[in-house]
Structure formats: C-alpha cells, structure tokens
Amino acid sequence: MHILIINGPNLNLTGKRQPDVYGSASFEEILVELRALHPEVTIDYLQSNLEGEIIGGIQDADGKYAGIILNAGGYTHTSVAIGDAVAAVDVPVIEVHMSNVDRREPFRKISHIAAQSAGSIAGFGAGSYFLAVEALKRRSEKYFLRNT
Amino acid sequence: MHILIINGPNLNLTGKRQPDVYGSASFEEILVELRALHPEVTIDYLQSNLEGEIIGGIQDADGKYAGIILNAGGYTHTSVAIGDAVAAVDVPVIEVHMSNVDRREPFRKISHIAAQSAGSIAGFGAGSYFLAVEALKRRSEKYFLRNT
Amino acid sequence: MHILIINGPNLNLTGKRQPDVYGSASFEEILVELRALHPEVTIDYLQSNLEGEIIGGIQDADGKYAGIILNAGGYTHTSVAIGDAVAAVDVPVIEVHMSNVDRREPFRKISHIAAQSAGSIAGFGAGSYFLAVEALKRRSEKYFLRNT
Amino acid sequence: MHILIINGPNLNLTGKRQPDVYGSASFEEILVELRALHPEVTIDYLQSNLEGEIIGGIQDADGKYAGIILNAGGYTHTSVAIGDAVAAVDVPVIEVHMSNVDRREPFRKISHIAAQSAGSIAGFGAGSYFLAVEALKRRSEKYFLRNT
Amino acid sequence: MHILIINGPNLNLTGKRQPDVYGSASFEEILVELRALHPEVTIDYLQSNLEGEIIGGIQDADGKYAGIILNAGGYTHTSVAIGDAVAAVDVPVIEVHMSNVDRREPFRKISHIAAQSAGSIAGFGAGSYFLAVEALKRRSEKYFLRNT
Amino acid sequence: MHILIINGPNLNLTGKRQPDVYGSASFEEILVELRALHPEVTIDYLQSNLEGEIIGGIQDADGKYAGIILNAGGYTHTSVAIGDAVAAVDVPVIEVHMSNVDRREPFRKISHIAAQSAGSIAGFGAGSYFLAVEALKRRSEKYFLRNT
Amino acid sequence: MHILIINGPNLNLTGKRQPDVYGSASFEEILVELRALHPEVTIDYLQSNLEGEIIGGIQDADGKYAGIILNAGGYTHTSVAIGDAVAAVDVPVIEVHMSNVDRREPFRKISHIAAQSAGSIAGFGAGSYFLAVEALKRRSEKYFLRNT
Amino acid sequence: MHILIINGPNLNLTGKRQPDVYGSASFEEILVELRALHPEVTIDYLQSNLEGEIIGGIQDADGKYAGIILNAGGYTHTSVAIGDAVAAVDVPVIEVHMSNVDRREPFRKISHIAAQSAGSIAGFGAGSYFLAVEALKRRSEKYFLRNT
Amino acid sequence: MHILIINGPNLNLTGKRQPDVYGSASFEEILVELRALHPEVTIDYLQSNLEGEIIGGIQDADGKYAGIILNAGGYTHTSVAIGDAVAAVDVPVIEVHMSNVDRREPFRKISHIAAQSAGSIAGFGAGSYFLAVEALKRRSEKYFLRNT
Amino acid sequence: MHILIINGPNLNLTGKRQPDVYGSASFEEILVELRALHPEVTIDYLQSNLEGEIIGGIQDADGKYAGIILNAGGYTHTSVAIGDAVAAVDVPVIEVHMSNVDRREPFRKISHIAAQSAGSIAGFGAGSYFLAVEALKRRSEKYFLRNT
Amino acid sequence: MHILIINGPNLNLTGKRQPDVYGSASFEEILVELRALHPEVTIDYLQSNLEGEIIGGIQDADGKYAGIILNAGGYTHTSVAIGDAVAAVDVPVIEVHMSNVDRREPFRKISHIAAQSAGSIAGFGAGSYFLAVEALKRRSEKYFLRNT
Amino acid sequence: MHILIINGPNLNLTGKRQPDVYGSASFEEILVELRALHPEVTIDYLQSNLEGEIIGGIQDADGKYAGIILNAGGYTHTSVAIGDAVAAVDVPVIEVHMSNVDRREPFRKISHIAAQSAGSIAGFGAGSYFLAVEALKRRSEKYFLRNT
C-alpha cells in the first residue's frame, strides 16, 4: 500500500519552533518512526511552502496512491484552491493537524479542506499522522466507514 | 485499560435512521466489533438524550477511566455546559463524529467541545470510534502527542 | 387515528402565566375541548421540561402514531438535537406555537425544528393545535399536500 | 362569510412549474376544490405580480372581508411595504405558504409579514389554504385564539 | 414655483390608520393646509403603491419641477431602484418622513434614498412637508446651502 | 431566431443620465445598432419600471422566445420575486449589466438573479447586450456550454 | 421665544475647513444671519468640543428654553450619553447636520441621538438651522406635528 | 491581434474532473477550437497552480498583449494580490468562469478580481472564453463600451 | 424568610475543579457558611445538571419562596427555556455568577436570564451568593429598589 | 475605611427624570441614606459628565481608597478609555447600575468596564450601591472571594 | 522646527502601570531623552484625559507646528470626533502607539485616526515617538514620501 | 549589521504603476538611496510574487540577519501562513507599507502579519523603509523598546 503525506507551509520547521512547548523532533524523525510503526505501508513525503505545489502534489497523486494525508498548515483556513484540488481527485484525502486548532485564533476555526476530505483528525501531535495511516489501511475492512 | 464511550442524543437510533445511506448496524453491534478489535480494552458505554446526564457521565468518569470518547450529537453545537464539564475533569476526552460534520448545515461547524477536548476525529463512520480507542491506547507511547 | 401532542418547557404553566393577557385555561382544559372537537382522533399527551425527554418522546412515537404535534417552547430556538430527532423519525411532525413568535425577541425568529417538520402553524392560540389535528386528519385526502 | 385570498408573484404559475415535483393542479383548480370544501364561505381571489397591487388589495379589503389569506410569494422576504399594509388594516390577515420555506435559501427565513399577521401556516401544500379558511371560520368560537 | 410631492405605499391611508394615535387628518386635508401656508407655490401631488410608478413620477418630473418632496414609505428601506431614480434626475429631491423612523424597527434605519437626496427631514408629522417646501423655496437665497 | 430583451427600472434614461460619462446614445439607438449587428435575429424589447411587469414579461416569454436578455437594474439586488420568475420558466435567461457593478456600492454585489440565470455578462457597456445575443445564437453549437 | 443652539466638536472650524468646498462663512456669521431671519426668536449659542459640556448644556436648558437645536458633530455616532441626556430633559431637541451624513463613511449612518430627538434635519447646509428654528416656532400651530 | 489566456489552479484538470457532468474536453482541445473560431487572433496560453506565477503572467503581459482573459479559479475568491496585479497593468483583463459561480458555495460570491477587471463573463462553459475573445476584438468598435 | 438557591451544571464540582485557582471549598461548605452569615433566613438548595429540572425547580418555587438565587452555569448563555421560566413565575430571581463572566469566552457575554431577572451580581466568588441573600432580605426596605 | 463613588453622565439627574417611574429621590438623598446604613465607612462622591474627569477620578483614587464604586452611565458601553483606567489602577473597582441594563437597547449589553472590574451589580436601584459597599467591606473576610 | 506631541487618556500613568512589564520610565523621562536625541527640534507636549481637549489641541496647532505626534490611547478606537479634527487641520498628524495594538482585544484593531493621519507607527515602545519625530524631520527630503 | 528587506507581490512594479501619482522611482533606485542613507547597514533584498517564497525567505533569514523588513503587499490581508512564518522565527520582523492602507478598501484593514511583528510602520512612502531600518539599528539602545 502506497500513501502520500503532504505538509504545507512552515511544517518544515517542526521541531525547531518553540521546542520547549512542542518537542524537538523534526518531521523527518517523525517520519522514520511513522514508517517503523507501519512497516507494510510505503509512505512518500512532500513538503512545500507553495500553495500551487501542494495543489500539484494532490493532482499528481491521482491514480498513484491509495490515500493522501494532508496537513495544509496556514493554507487550511484560506485556500479555496486546495479545497478544490481535494474535491477534484479520486484519492481519499485525510485532513490532519498536530495541534488542537480550535484552541487558537478564531480564523483557524474555518477550514476550506474539511468539507472535501474523507475525514479529519486533529490534536494528537505526531499521533494524528499515525491515526490517519491507520484509517487509510482499514478503509477496506467491513467495520470502517460503516454508518458514515 | 478502562475507557468510556458516551453517545449523545439520537445516537440510539444508529442503524435505524436512513439505513440505505448510513448502513443498518446498530451501535450495539458496532460496540461488539469495537470490543473484538480492541480485546485488551474494557469499554463501558453510556447513551443519553439528556444533556445533564451526559454532563453527569463525564463528571463521574473522573478518576475511573483512562479516557472518554464523546460523540455529543446535536449538543456538540449548542452545549456550553458539556464543554464546561469536559474542561472540568482530568480524564482526556476525545471528540468523535461518524459523519463529516463540515458537509452539513452551517451551524454544525461550531463545536463547544473541540476546544476543550484532547483531540477530534470525524468522518470515518464507526471507524472514528476505532481510531479514538487507538489514540487512547497509545497516549503513553513516546511517539504520540509528540509535537502537539 | 392516534396522534401525540408534545409540549415543551413551561407549557405546563399555560393558564397560570399572565392570565389577563393569555386567558386562564390550562392546557388540560384545552385538551378536553380539543378531544371534543375531534372525537374520532385519539390524542395522547406528553409535556416535559427536559430536552432529552422530548427527544425520547419523538423517537418512541415512531411506528405508533399517525402524527406528532410539537410545541417545543423555548427549545424551538436552541435545540439542534430535537431538530435531529424530528428528522430521524418517519412520523410526520407539525410544529405549532400558540403565540406569534415573530413579534417577540429576535432570537425567537430562528427555529431548529421548522426545516425538519411537515408543516408549521403559529399564532392562533389553542386554535393552532386544532388546525394541526385537522392537518394530520386530512393528509390522506387528495387535496392536501397537493402542490407542496 | 366573505374572505379574500391574495396570491403574490409567480403563484399564477402554480401547476406549470416542475409538475413532477409539485403536482399539476393550477391554483384555479385548487380554488374550485377549496370552495367545495368550504361551501358556506364566499371566497374572492386576487393574484398579482405587482407589489403595489397587493398593497392595494389589502387596503381595499378593509371593511369588506372577514379575513385575508395572503401568500406574498417572493415579496414575503423583501417587502416592508406589504407588511405595513397588513399592519394598517383591521382585517385579520393569515400568512400562508405552500412549501416549507425554512428548507430553502437562507434569505427565505426572513418574513416582513409574519410579525404583522394574525397567524402563519406553512408547508401543507394546497392544504395551507384549507387550514387558513378553517382558522378564519372558527375565530369567533370560544376555543380559538384562547391563550394566544 | 412648481413642486411635486410623491407619497409611497400606504400613505393613502393617512388619517384612517390608528387615528387616536396619529390624528384623523387625511393627506388631502393636509395638502389643503399646506397649499394655504405656501400660497405662492403650486404643489402637484402623486401617491402610488407601485414602486415603478414612483420611479416614473421622479423621472417625469425632470425639467418640469423646481423640486420633489419624496416620502417613499416602506420602499425607503428596500428600493435600490428608487434611489437610482433620485440619483438620475437633476431635480433636487428632499426625503421626508412624518414619524421618527429611528424609533421603529431596526430595518427602518437603512435608507436607500438618503444618500442620493438633497436633504432629509423626519419626525415633524405634517410639518415635515411644510419644512421641505420652505427648504425648496429658499434654495436660491444666499444663506441656504451655505457651508453644505 | 426570436429573443426578448427586458430592461428594468431607470434604463429608459440611458443616454440622458450623465452623458459625459456614459455617452449619449439612448437604448433605442443601441437597439438599432444591435439589430444591425445581428440581422438574422428578431429582437423584441420590453422596458418597465415595475417589478411585477418584469415578472410578467419573463413568464409570458415561456414558449415564445429562444432566450431572454435581462438587465433588471436596481431590482437585481433586491428582487427575490424576479429571481423566482427566472427559475420558473424554461427559457434561458442571460443576466447583463452595462457597468461593472462590482465597482459600485457594496449592496450591488448581491444578485438575486445570477444563481438562476444561464450566464452573466457585465461591464462591456452596450457590448454586454451584443455578447449576450452572441451567446444565445451559439448555444446549439457543440463548442458552447461544453464543460459548463 | 428663547432657543438654544448647541454645536459639538470641530464645528468651531466652520468656514475655515475646506472653504472652497464648504464656503467661508464662520458659524458666527451664520448666526448673525439666522438671528436676522428670525428676529422674534432669541437664540443662545453654545459650542464645545467636550462631550460632557454638551451633556451639561442640554441638562441646563431644561425649563429655560422652548427648544434645543443640536448638531453633535462626531459625537452623534458614538455618544450614548448625549442620547441619554436628550431623552432625560423635557425640552424638544431637534437634531441637525449641515452635510448629508449618509453620503459619508458607513459609521456615520448610526445616530445615538435621532431616536431620542423630536425630529431630524440634514443636508441643507446653514439652512438646516433655519428650518429647525422654523420647526420650533410652529410647534404650537395646529398643522404641525399633526399625524406625527 | 495578440491575446493571452491565463487559467488558474485546477483548470489543468478540465475534462478529467467529473466528465459525465462537465464533458470530457481538455482545455487544450478547447483551445484548438477557440483558435479555429477566431483565426485572426493569436492566442497564447498560460496555466499555473501558483498564485505568484499568475501575478507574474499578468505583469509580463503589459505592453505585449491587447488583452488578457483570466480565469483565476479558486484564487478568484481569496487573492487580493492578483486583483492588485490586474489593477496595476494597462492591458484590459476580462474575468471569465465556465460555471455559474453564484450557484455554488457562498464564499464563491466574492471576487477580488471583478472590480478591477474590464468586464466579467460567467456560466457559458467553454463559450465564456469565446465571448471574451469576441469582446476584446470589438473593443475598438464604436458600439462597444458605449454607455459603459 | 425562605429562599431557594438553584445551581446549574458543573457547579456540583465547586472546590474540586482547579482548586489552586478557585479555592477548595465545596458548595456544601459554602452553604454552611452562608447559612451562618444569614441565620434568620432558611435557605433551600437545588443543584442539577439537567436544564429541565432547573426549569421545574423555578416553577415549583412559585408561591413557596420569597426569592430564588440562580446560577445557571453554562445554561446561562444558551437556555431560552430557563429565561422563559424566570419570566413566568412571580418570585424574584437574582442571577449570580462566582467568576467575572465578561473575562472569559465571548459567548459568555450573552445571558438569556439577565433581562428576566430582578438583578444580577457577578465576580465576588462565594460572596456573590452572600450579596444576593442580602438583596432579597432588604427588598422590603424603603431604600432598596428606590430609583430602579 | 474610605471608598469613592463615581457617577457618570446624567446621573446628576437622578430623581428628576421620570419620577413617577423611578422615584423622586436625588442621588444626594440616596447618599445620605447610604452613609447612614454604613456608618463605619467614609464615602466620597464624584459625579461628572466628562469622560476624562471620570478617568482622572479613577487614577487619583489609586493609593487613597479601599475601593471605587463606578456607575459610568452611558460611557459604560462606549468608553475603552475608562476601561483602560480601571485596568491601570490597583484599587478594586465595582461596576454598578441601578436599572437592569439587559432590558434596554441592545447596545447597552456591551460593557467596556465589566471585564476590568472586581465585580458587577445591576438592577437593584439604590440598593446596587448598598450591595457594592457591603462587597468592599467584606473583601477581607475569608468567605468572600472564595472560589472566585 | 516645532512639533507637538499629544498623548491621550491614561498615558499620564506611563511608567507606573505594570512597571515590571512596561519599564518604569515616566513619559516625562521619555520626553527628556527624546529631546536629547533630537536637539534641533523643539517639542511641546500636551496630555489630556479629555477627548475635547485633545480635539482643541489639534485645532490650536494649526499654523503653529510643523507636525503633531498623536497617541490617542483608548480614544483611538472610539472617537470619530478626534478623527474629524485630524482631517480638518493642515498640520501633518502621525499616529503612534507604544504597544502592538493588534495583539490586544479585537476592538483595538479599529482606528478612527489611521485613515486621516499622515502615517502610523506602532509597537516600538518609546521608540515609536523617536521614529515619528524622524519622519517629521525628513518630510522635506526628496527620499521621503516618494512613492507614497 | 545585516538586514533583509522582503517585498511581496506587485512591489516589483514600484515606479511603473501610476507614476504621476506615486512617483517614478523603482524599488531598485529606492534601495540605492536607502543604502546611501544607512551606509553602516548591509541590506539584502528579496522580492517575490510567490507566497511560499516569502515564507521560505523569512525562514532562511533565521540566524543570519538582525532583522527583516517585510512589505507583504496583497498577502498582508490574506496570508495566515506568512503570519505563521513571522511567528516561527527569532528574527524581529517589522511590517511596512508605503501607502496608508486604512484609506483603501475595507478588506485592507485586516493584517495577518501585524500581531506577529515587532512593530508596524505605514504611510510614509519610501520613508517607511528608512524608518524601519532606523528602528532595527536602535533596538539595542536603552531608549528603544522602553515602555513597549
């Protein structure tokens, strides 16, 4: 099973930004652990600060991946165009956030991606990615998506 | 490990309401499968249509459970008091929804529970509960909650 | 024909509250007259100040009654969960109000029940219940619901 | 007993517009049935696409009719002037709608007529008119308008 | 000097509507007195409940009158098209209201005519018209419109 | 091919209003040129300041014309009823504006007609009508409406 | 007859500020002309940039003047306290503005004084004061305030 | 005559996305037909998912093209910076949309480009581009832009 | 003198919730002290997490108590029905809050109870209850309620 | 114990304004009684209609008084600067209102002072001041401010 | 070169209010340093808690000073009248704030002064004044105000 | 001392866009003068129309520069992601604008950068950059940032 993680703007700073608060693991280190926890899944990774590259990444994933895990960072709240890309492809896209976005500024309560995505997971730190992979793996099981 | 699932109003109708759309599994059947998928976890269950009973359920869980999985149904969008109860107890509370609430009416975009909860999972049907149990089980692992 | 009237919070005070303005008939007296005016209809009655009991009443009516007449009182304007219950059952639910709610405070202009109900009747005092029974009785006639 | 039905813009198309959805009865046919159902009531009828003619119709009815049944169509949501006319005359005016207006666009939730009218009935198709006539007939009975 | 008074919807009811509150003088009687108070001015009068006739009346006045006194009634708050007509002609248009519109419903605080008019007078009953005629008569005097 | 142009309030003033800014051609002169540019199309013309007449004009066109070109002027922003008429007929209706309405007052950004129309053209002066005729002529060509 | 004119902040600059646009007459010169035009009225004058002095001026006028003409300048849109003062005294207060405030910034559309005043006059330059004096003089005449 | 078409994010998917609804023509195929329909016009084409490249494309067109046809896709509703670029260049820019954007989500009613553009065309599918080329070709004719 | 204190949801946690911030006294301990401070007053106590029980408690107090002290907790901001109950009974109801609700989330600034209550006291911790009892005791003294 | 009462604009009219409704006691008379009821407290008094003098009064009280009782009148709802002054001093400030401000105009629901004050008391007439003195006296007692 | 610094309400407390956070320098000490840093500039100083005195200070500066540096404190967000005064004089007025107002309450994001001022500087503590003097000194240099 | 100036979209057009209004100096020429005015400061320059490149530029500056001067152009009002980048780095970032943004469209009043920046300067043309360099140079002086 092949999946793609797409991280948006400033997520390349993970581990450097306020390490006393958020811990000091970089996303590359998180990725190593994530792959170790899900050895049967091949995980590709794309990070970009460019809105259009994220759109391109979502488009290119069509037909190649079993799912996308998307943390669009600050673009979550402003990008109609990324939401359109998610709606345009057939790959299931799971929206993730490491932090609890509802605890932050009011403008972060609005997501242009949530309504188009196959599901949303927020607030579990690196664990949000773990749960999203788990969700993609189990989509074919009878239990999952039951009573959606 | 003991956890408590609290389901709010109308979730007792799961499986009866629009079965062609949402499937015909009742929540009791879902619960059987959920327990089978997580045999090492003891899962208690509380459903109530009464806002105050949900508040009481959250309060009583304090000191007894390792976590609460809370689907407050329609109260999610209107109950300041349930949000206050979540904030008042020490048990981690995970907010779940079976459907993708962002695709429905605008007033469902507001959650009084999200900001107080330990994390949110929405849109995976019965799988939302599975992922929430997974999240509670792994909270003590180093990977989880890293970079929250 | 069996129907159920559900009255929400404070409607048990009907006839005691501002009798010089609203008249001094209690809802029990109104019920006696209503049954006399529609002798061929069996009318059950449920009043509760508890939001969850109203939800339960609506759920339990499924399959037992030909219709529900619902005056949710103050919950009309705040309860997403009662609106969800109305949407979840197959029984037609008619929303009634004794007063002209549009003449009162602005927050009373919003109804979470109207969009889910089979019809709305407001402003005719006790007559609103009479008309609602009439509407339920005639639903099977060719004229009714024509050009809905 | 003489009453007047006033229908606003586009209601002359009743029966032609989406007949598979709304049925194919014209308002004239509905009127025939309505008169048959209430043989003791003389029902006059006025339809106009002109806001000012509806205002004129309401004004002219003063002193001539026992009541007006008003479906102002699209003007319901925009006409302060029709609302003023309803407030200015002594004839009781009942607001009716065939469809459940709360299920449609958000701007249809606002009515400039409701607060001025003697009561509102919506969502029963042609039956909304039937119930409105019933309401006007029974206004003199002790039961009606009790506890308004 | 020739001027035109245009009264909008329901102002033909002046004197009949709530006479104990507003007095019982019809607008025709008011007009007699107004002409007596300003004998040197020829005052034409147009009343219409039709938005489009008011627009037509404003357009036709162009080049024929020294000024228009416009009380658009309920259209004041909803008619972009009357505001456009006022802006399109060269005749000065004075907006008048008999009542203090700011004391009434919130939607009456918005005027689509005020910004296009040569001035506004409100709250002096029939006197609002008297003052408006005075204002038109004195427009050519040095004192008037000074420091506008 | 027969088409109908409907112009709303104040468009009869075209060419008289601010001629230094908007040019001095009346709509009648524009119509002569428009017919000359599209000689194979029969163009009927209706102008009215009355909202209800515009509604009537749209209704009457059903079955008689291949298309309507509608410039509702100030009613564009306030008339739910004209929007309803456009939705009710089978004739394709194209919304046009001569000016760039987005550069004017904020309340002109809202159109009750756009969502119901077959397309919108704004900002090309008299050219907006030319393009609208072109659009109606080519609707049957394979290229047009492709990928709508 | 004794009346008091109260001018608020920046109105002491009248005649100095943008004289090419607003003319170069100071308010003192305007006052001379106003007194000449109404020789039978004794007009006192108070100008202050201090909100509290304007409140004091209104309070002190109680029982001493037949009326107040109040141009509160920028305080019109922000001062609940001046509005309270106008409501607290028995003297009739007429709100005046020299400019057409509806043509300026949106925050100038709100007046905390209008709803409490005996009437409003705006847009006639110095003439607004003339008309306000006229209104106070004629209050005792039968015609005035008729049909308010 | 040289013109430039700029398509924004996700428009490279034209023809692949929901082909049963929108048709299966790619934009490249549409371009072939467009060039065939307007053989005397040289049409350059730029598509980008990157907001900044669209800005660059607009800037670079200055002095090189007779006009730009711009479909900014999802950026239409969020990009102040593209609107600034349109305002900054001398080339006329025509805003086009294939779909009727007013029928979609409410946030699509806002365009940051419309107010800066030379005109807007929406809802004619591929025909929107055809009409935009037509508009650019005829800009020099006397008829066009008359009474803008 | 008999009075009733009603505490709403989560107030049963008083003293357990954030004791370092709010102190560790339970409401039962507070009640002991309150009774000691007002020995001549008989104080009954009702706490409920159920909105409907609070409504019932208010209704049942009618005719039995000289006053109610109501801290509705989270229901303060959402319950139209509790506000209706307060308005329906003749007992004076004093709204109290221990914390300064204006310092918390914006949705806590709205109270559905304040407008119906006999007075409001907030921000004095347990002292808010003390002051409310004092207020009820002194209602019959001449000084109190003077100049309300 | 020394405390300071500060009354804002128009409170010097207490007792004169609508005496049939509010009673005819002036604030000076109220002060006499208040001092008699709390003989062990020295109460200074400051009334001003000037926003800046109230700010000065608050600043000057720092270090001199054990507490301030502040009724800012109409400035309550508009003065950011008085709220800043309350926040800047170390003296506890208690906000009082004689009337139930929540029953009046909507703009009176907003207080710029509440969030900065040590507590709020409203609706008890002159009694609001009595309770505020009581609150200041008891601040040092263990019971008070417990569980704030 | 003569300039005037005007400080609004509560700025006389600078250095006393939260000295651990904001430092303990009074504005007088800041002024000494500011004069030392700009020895060639004569700096006058006015502080007032009174809105009207600030207006007066701005008016009186006309013709006497080369520029005003205005920190209107809490009035920044509420005073239309100070904004009017800034607009009325010819002296360039620079708006300064010591703190970063965008980090504080939402109502502080609105400035009635910014749009009327010659420039704004915020967030540099005492340095905001230094930079404002620098800006006034260099206004005559070619570089400054280039490309404004 | 090394600093970095980052200019956002369309600022590469400085000097070409409306030269009669804004002057004809390009930003490169402005940069030459700026370096001449601050010879002891090494100023690097980055301009990009790409939101993501600006984010990258801010991230890369961490640890390399003593400060960033950021004019994000149109992205100021829409980019949550640039605001996040400013918050994520340790370099002080000063927000500058050449024009007075408060005088332009209402959506330009919102800045996603201001709250995260070390200070803001707007309205001085090229001088805004000069003042920002001055501010960075003096940050280490005792006077600066005093009483921030």
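Note that the chains take the letters A, B, C, D, E, F, G, H, I, J, K and L in the order they are written out, and that residue 1 is the start of every chain.
As a working rule, a residue touches a chain if its C-beta (ideal position, glycine included) is under 8 Å from a C-beta of that chain, and two chains touch if they have at least 3 such contacts.
Note that the structure is a prediction, hence the values are computed from the model and not measured.
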**Prompt:** Among all the other chains, which ones are in touch with both subunit B and subunit J?
**Reply:** I
**Message:** Over the chains that touch one another, what is the least number of steps taking subunit C to subunit H?
**Reply:** 3
**Request:** Any chance you could check whether I-J or C-I wins on number of contacting C-beta pairs?
**Result:** I-J
**Request:** Same or different, please, for the subunit E to subunit F contact, judged on whether over half of the interface numbers appear on both copies.
**Result:** different
**Which listed pair, C-D, I-J or C-I, duplicates the contacts of E-F in over half of its pairs** = C-I
**Separation of mean Cα positions, subunit I and subunit F [Å, integer]** = 62
**Message:** As a quick test, compute the distance in whole Å between the mean CA positions of subunit C and subunit J.
**Reply:** 47
**Fill in**
Rounded to the nearest Å, the gap separating the Cα centres of subunit D and subunit F is 32
**Item:** Numbers and ranges of subunit B residues touching at least 2 other chains
**Value:** 50-53, 78
**Interchain pairs in contact, sorted by label** = A-B, A-H, A-L, B-C, B-I, C-D, C-I, D-E, D-F, E-F, E-G, F-H, G-J, G-K, H-L, I-J, J-K, K-L
**For the subunit F and subunit H complex, residues of the former touching the latter** = 14-15, 22-23, 25, 30, 33-34, 37, 98-100, 102-103, 109-111, 114-115, 117-128, 130-131, 134-135, 138-139, 143-148
**Asked** For subunit H, which residues count as touching subunit L in their complex?
**Response** 50-53, 55-56, 59, 78-85, 88
**Contact footprint of subunit A on subunit H as seen in their complex** = 8-10, 12-13, 17, 48-53, 73-75, 77-78, 107-108
